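I have a structure here, written as C-alpha cells, and I will follow up with some questions on it.
For reference, chains read A, B, C and D in written order, and residue numbers begin at 1 within each chain.
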Amino acid sequence: MLSDVTIRYGRLTAVRNVSLSLAEGEILFVTGPNGAGKSSLLRAIAGVTPPAGGRVDFADHDVTGRAPEDIARLGLSMVPEGREVFGSLTTEENLLVGTGMHAKERNWRARVASALEEVYETFPVLKERRHGQAGLLSGGQQQMLVIGRALMTNPRLVAIDEPSLGLAPNVIDLVYERLIALRAQRALTLLIVEQSSTRAMMAGGRMILMRGGEVLLDGDARAMGQSEAMQAAYFGYGEQA
Amino acid sequence: MKNWSKLTTALVVAAVTGAPAWAADDDRIVVGFATAESGFMQAYDKPAQDAAMIRIGEINAAGGLLGKQIEVVNADTKTDRAEGAKAGLSVIDAGADLVVVSCDYDFGSPAALTAESSGLVSFFLCAESIKAGIQGVGPHSFSASVLAAVQGATMAQWSYEKKEARSYYRLLDTWTEYNKGICDGFDWMLPQLADATLVGEDTFKNEDASIAAQITRIKSLPEEPDAIMLCTMMPGAVSAIKQIRAAGINSMILNGSAVDGSYWLSAVPDLSNFYVPVQGSIYGDDPNGDVTAFNAKYVEATGGDPSTQYVYPGYVLIDVWAKAVERAGTTDADAVVAELEKMVDEPTLFGPRTFNSEIHHQNKARYLIVETNAGTPAVVDEWTISEPIPVDALMK
Amino acid sequence: MSNRPSIARRTLATPLILSLLLIAFALVAVAAGSKPFNQTMIDIFLRVTLVVGLYVFVGNSGVISFGHIGFTCLGAYAAAWLTMPPMMKQTLLPGLPEWLIAVQLPYWAAAVLAALWAALWAAVFGKILMRLSGIAASIATFAMLAMINTVYSNWENVTGATSSVVGIPIVRTIWPYLIVAIVAVFIAWGHAISRAGLKLRAARDEPTAASASGIDLPRERLIAFVVSGGVMGLGGALFSHSIGVVTPDTFYLGLTFTTLSMLVVGGMGSLSGAVIGVLVLSTLIQVLRWLEAGVSIGTSTLALPNGVQEIALGIVMIVILAFRPSGLMGNTELNWRRAKTADPGASGQPE
Amino acid sequence: MTAILQTVFDALSLGSLYALGALGIALIFGVMRLVNFAHGDVIAFSIFALLWPSTDVVAAVVAGNLPWFLLIPFVLAMGAGLSVLAEIVVFRRFRNASPATMMIASFALGFVIRYFLLMLFSSRPKSISLLPALSQPVEVLGARIPLLQLITILTTIAILFGLTAFLKRSRFGLEMRAAAENFTMARVLGVRANRVIMGAFALSGALAAAIALILGSQTGTADIQMGTNVMLMAFIATVIGGLGSLPGAVIAGFLLGAASVAMQVSLSIDARPFRDAFVYGAVILVLIFRPQGLLAGRGTKERV
C-alpha cells in the first residue's frame, strides 16, 4: 500500500522511506513515541499531506498526490487526531457531511438512513443528542461521533488516529469494543494509530512500531509485546541507525 | 540586479534620443498638454482638450500665431498627482510655451507648479477653484473657467429674484473643493437677499451608498423648502437627486454646472423643477448662434455632441491666450501675463472674461440658466450676479 | 542573539548592497539627464522609503497593516506646516497655532520633525492597537487610516480639508530622496538586528514558543510600529516636497495598496524584498508606460492602448504571486555570497 | 414619531447593503481564508454588464432594457459568473498561499477588473434607469419612504432567509458549512473542495450583483468605484461580526449601517463631516473589547 514513502514539512523529514502494505480485513496498529511519524503516515495515505517521495496505492489505484476527497471516494475514511468535529453543526449534520459523495447512486437516501440508524444503534448517546450542537458534546461523545461519521459512507478502510486520546478508560474500552465488532460485521480494514502499544497488544492483530520516521518492527502485536527489541525501540535504548 | 539597471539605461537612452530636441528652438510656438489621457480625469480633460484643439486648428488655418503654426505636445498625467508633475516636466522639456493642465485643481496643480517654477504660463482646462491661479500656483497661472462660487451665488440670486424662492436648504457633499466652492458662493449671496432664510443644512459624502438620513432630515422640516442648494458633482449627484425625488420632495433643486448634461437624465425619469447654470448651451438653443455653430464643429472633430458645458473653457483658454500673445507680440511669459491682466470683459464665444493682477479667474460671469422640465433641459434665462465675489470671501 | 556586533557584521552586507543598488539607479538618472526621468527616479526612491517603512512593521511582525499610509499623511502635512511661507499659512490654514504659522524651516529639518511627529502618533495609536493580532489588527489599522483621512479631509482651517495645500517648497534634485531611501534601509536593518526586532521575528515565526519564553509581544510590536511610523512620516515629508502639493486623498487606499503590493511581491519577510519589490514593479510600470506612449519600430509606431499598463501590471503581479507566493525574495536577504540557503545564519534571519 | 420610523428605515436599508456585502465576503473567507478585495469590483462589473462597451457619455443600455424578470437573473448570473471565473483563473492557484498573498492577489485582480471597465466604458459615471418603477415613495405607518428602500430591506431579509434555508437544509449547504468550519476535514470526508469553493464564489458573486442592483436602482448610476465603499464597510462588518461567522457578518453589517445613520442624525452640523471618524473609532473600540468579533466563528483559527 505504501512504497518508499517520504514526508517532509519544510526541512523536517517526518517519515523516511517507509513501505507498508495492508490486507483486506486486516487490523493494523501503528505505534511509536511522539514524533515517530505515525500521524504523518496517516495524513499521507488520506492525501492531506502529499508525500515528498514514494508512492501510495489504495484500492488498486495509485493515489499519490491525489486530493483527499478523491481518496475518500475510493473508500477510505480517516479520523484525524484531535477529534475534528464540526462544532457548529448538529450531531446528525456531522454524520451526514460525507454522505453526499454517493448521492448519485441508487437508493442513496435509503442507504444513508440505514447507515444513520446503524451508527445510532452502535452509539445510542449520539441519537439522544442528534439535534444538539456537536461542539457541546463531551470528549468521549465527540470521539464516538467522529468514528460514527467515518462509518457512514460504508468505507473499505478506516484509519483512526489515537482513538483513545483523552478518553476515560471505560470509554476507550467501549470504543474499541465497537470497532472490533464493526470490523467483524462489515469486513472492514482498520488502521489504528496509538501512542501506547498496550491497547494493540490487548486487541490483537498486526502491529508496527515507528520511531524517527522509520518502521522499526512489524509483526503480531501480542508476540511483539513480549520482545526486548520492542522495549529498546520504544524508549530509545541503543543507537538508531 | 545588473540587468535591471541595464534595462533602465537602455530605456532612458531610447527616451532621450527619441525625443525631438525642441527645447532650445525659439522659432516655434508649442502648446503642451499635461492632461489625463487615462484614468478618472480623462473623461473630464478630453472634451475640453478637444475644444482647445479646435481653437488651435482655427488659428493655424487662419495663418497661425505671430505668423507661426502652433504645435502641440502631450503627456499623460494618468490622473495621478506625481505623474502630473512628470507630465508637466515632459511638455516643458519638449519646448512648451504654454502648459495646459488638468481640469481639476488638485490634479492639475503639480504640473502647473512645474510650469510656474520654469517661468511659463499655465492654464487649467476648466478648474473652478480660486487656487487655480495666483493663489494656489503663482503669478503665471490662469483658469479658463468660472469660479464654482459664482455658480452658487448665481443660483441663489436668480432663484430669489426670478422664482421668488425664500426658504432655502443647503445640502453639501464634502468630497471636493468644487462642491464647497458652490456652497461658499451660496453662503456669500444668501445674506444679501432680504427675507431669504436658510431653513436647514446638512452634509453627505459623494460615495455614500444612501443619503436616506439626510433626506429624512429635510422631510422632518415643518414645510418643504422652496429650494434646495445641492452642492455636489458626479457621480454622487445623480444618486442624491434621484433619492430626493424618490422620497417625494418636490422643491426646486439648484446646482452647480457639474451636473450639466442630458446623459444622466434617464436615471431620474421626468425630472422637473431642476436648475443648472452653464456658460454655453449644449442643447442647441444658445442665444448666441455661434455656440451652436461651434457645437457642430465639435461633432465634426470628435464624432459626438458636447456632453457638458465643460467642453467650452478649453476653447476659451486658447482664445484668450492667443489674443494675449498676439498683443504682446511674443510668447514670453511675463509679457503674455501682462496682456492677459489687461483684459476686462474681453468677449469670447462663451461670455466675457476678465483677468487682473489680483485674480486670474472669473469672480463674476454671465450664466445661462438651464431648466430641466419633464426630463428635458432647455435654456430659460440668463443671469449675471450683481457684483463680483470679493477675493476675501473666496479665500475663506 | 547574545552576540550582536557579530550579527551586525554578518548582515551588514544586506543594507550595503541595497544602498549600492539605489545609488546605481540614481546614477542612471543623472546619466540620462532628463527632467521627467529624474522625477520618476524621485518617485521610486520615495516608494522605497515607504515600502521599507512598511516592512519594518509588517515584515517583522507578520501583521498586515492597512494604516501606515496614515503616518505618511501625518508626515506630509507636518512638513507642509513647517516649510510653507507664514503668509500663505495665515490665509490658507488660519487654524494653526500662532507659533506654527510663524515658523519656516528648511525642508530637511522639517522632515526630521515630521518623522518624529508621525512616530509620536504611531506610539499613541500603537499603544491602543498593538494588543490586537491577526486580521483584527489589520482592520483596526485600517480604521485608524480612515480616521486620519476623515479628520484631515474635513479640518478646514488646519489641514485645508480636501483642498490641496500649496506653497510647499519643491525639491527637484534626486539626492535628498536617495539619502532618505538609504537612511530608511539602514533604519530597517538596525531595527531588524536589534533585540526588539529579533524577538518580534521570533514571535512571528513561532508564536507559541515566543509567548512561552516570555516575549512581550505588544511591546515589541509597538517598537516596530513606532519605528516604521517614523519612517513612513519621513517618506511623507519628502513626498510633499517632491510635487509641492498635498491632499488627504493622496494618502489613502491607492497608496496603501500600491505599497503593500510592492512589499508582498518583493517578499514580505525580507528587507531586500521590500526594496526589490519597489524596483521591479516600478521598472515594470516604466516599461509599460513607455510602451503605452509608443515605440517606433522601423517606420511604424507600436503603442499599447491607454489603460493597458494598469491591467498588465495587475496580471504580472498575480503571475508573480502565483509562482512565488512568498514574493520574489521569499524570506531571504541579498548578501555578498549568493549561497544564502547553504548558510542559514548568514543574514541573521531566522527561518 | 414618523421621523423616528423613517430613521429606522434609513438605518435598515443602509445596513442591508452592508449586510449583503459582509455575507459575500464572509462566505469566501469561510471556505478559503481569502479576504476578497475584488468584491467591490465584482459589484461594479455586474452593473456594467447591462451596458454595451462604449466610451460615449450616454450609456448604451443593452441588457438593461430587459424586463425585470429577465434582468434580475441576468445581473445575478453576471456577478456569479465573474466570481466563479475569478476562482478558476486566479484564486485556485493560491489555495495554499498565505492570507497576505491571497489578499494582494485579490486586490490585483480587482485592479485588473477596474481598469478593464475603465478602458471599455471610460471613467465618466454612466446613468442608467434601472427598475424605474421603484423610485416612488410609499406610505408606511404614516411615513413616506421610497419604495426602493422598502424593497431593499425586504429583499435583504428574503435573501437572508433563503440563504439560511439553503445552508441548513440542502446537502450543498451542509457541505459548505462543514467546509467553512474545517476545510481539510470536510475534504477527508469526501466533500469536493472545488465544488464547494466554486459554490461559495458563485453565491458571493450573486450577492455582489444583488448589491449592484440595489445601488444601481438607488443611485441611477453605473460607476466604476461604486462598490468600493460598500466593500470596505462589508469587510469591517465581517471582522467585527467574527470572521467565519455568517450570522455575525449580517448582524455587524446592520450595526454599522445603524451606527452610521445614528451619527448622521445626532451629530451637530460641524461634526457631521467627521461622521466616519466616529464610526471607525467605534470599530476600533469593538475590536479592542472583542478581538474575535461579536460572534466568534467557531473553529476559526487565526492565521494572519
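The working rule: a contact is a pair of C-beta atoms (placed from the backbone, for glycine too) under 8 Å apart; a residue touches a chain by one contact, two chains touch by 3 or more.
The model shown is predicted, which means the values in this text are computed figures rather than measured ones.
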Relative to chain C, chain with the most remote C-alpha centre: A
Innermost chain, where centres are averages of C-alpha coordinates: D
Cα-centroid distance, chain A relative to chain B, in whole angstrom: 73
Gap in Å, rounded to a whole number, between the CA centres of chain D and chain B: 35
Inter-chain centre distance, chain A versus chain C - centres from mean C-alpha coordinates, in Å: 50
Touching two or more other chains - residue numbers and ranges from chain A: none
Numbers and ranges of chain C residues touching at least 2 other chains: 153-154, 306-307, 310
Where chain B touches two or more other chains at once, by residue number: 38, 42, 174
Chain contact topology (line, ring, star, complete or other): other
Chain pairs in mutual contact under the definition given at the outset: A-D, B-C, B-D, C-D
Chain C residues touching chain B - in the complex, by the definition given at the top: 21, 24-25, 28-29, 31-40, 43, 91-92, 153-154, 161-164, 166, 170, 172, 242-245, 247, 249-250, 279-280, 283, 286-287, 290, 292-293, 296, 306-307, 309-310
Chain D residues touching chain B - in the complex, by the definition given at the top: 3, 6-7, 9-11, 13-14, 17, 56-59, 61, 118, 122-129, 132, 135-137, 144-149, 215, 218-221, 223, 225-226, 228-230, 260-261, 264-265, 269, 272-273, 276
Contacting residues of chain B [partner chain D, same complex]: 38-44, 79, 174, 201-203, 205, 207-210, 212-217, 219-220, 234-236, 238-239, 242-243, 245-248, 261, 263-269, 304, 307-308
Chain C-facing residues of chain D, complex: 35, 37, 90, 93-94, 96-101, 103-105, 107-109, 111-112, 115-116, 118-119, 228, 232, 235-236, 239-240, 243, 273-277, 280-281, 283-284, 287-288, 291-293, 302-304
Chain A residues within the chain D interface of the complex: 46-48, 67-69, 72-73, 77-78, 80, 84, 86-89, 93-94, 96-98, 100-101, 103, 135, 149, 153
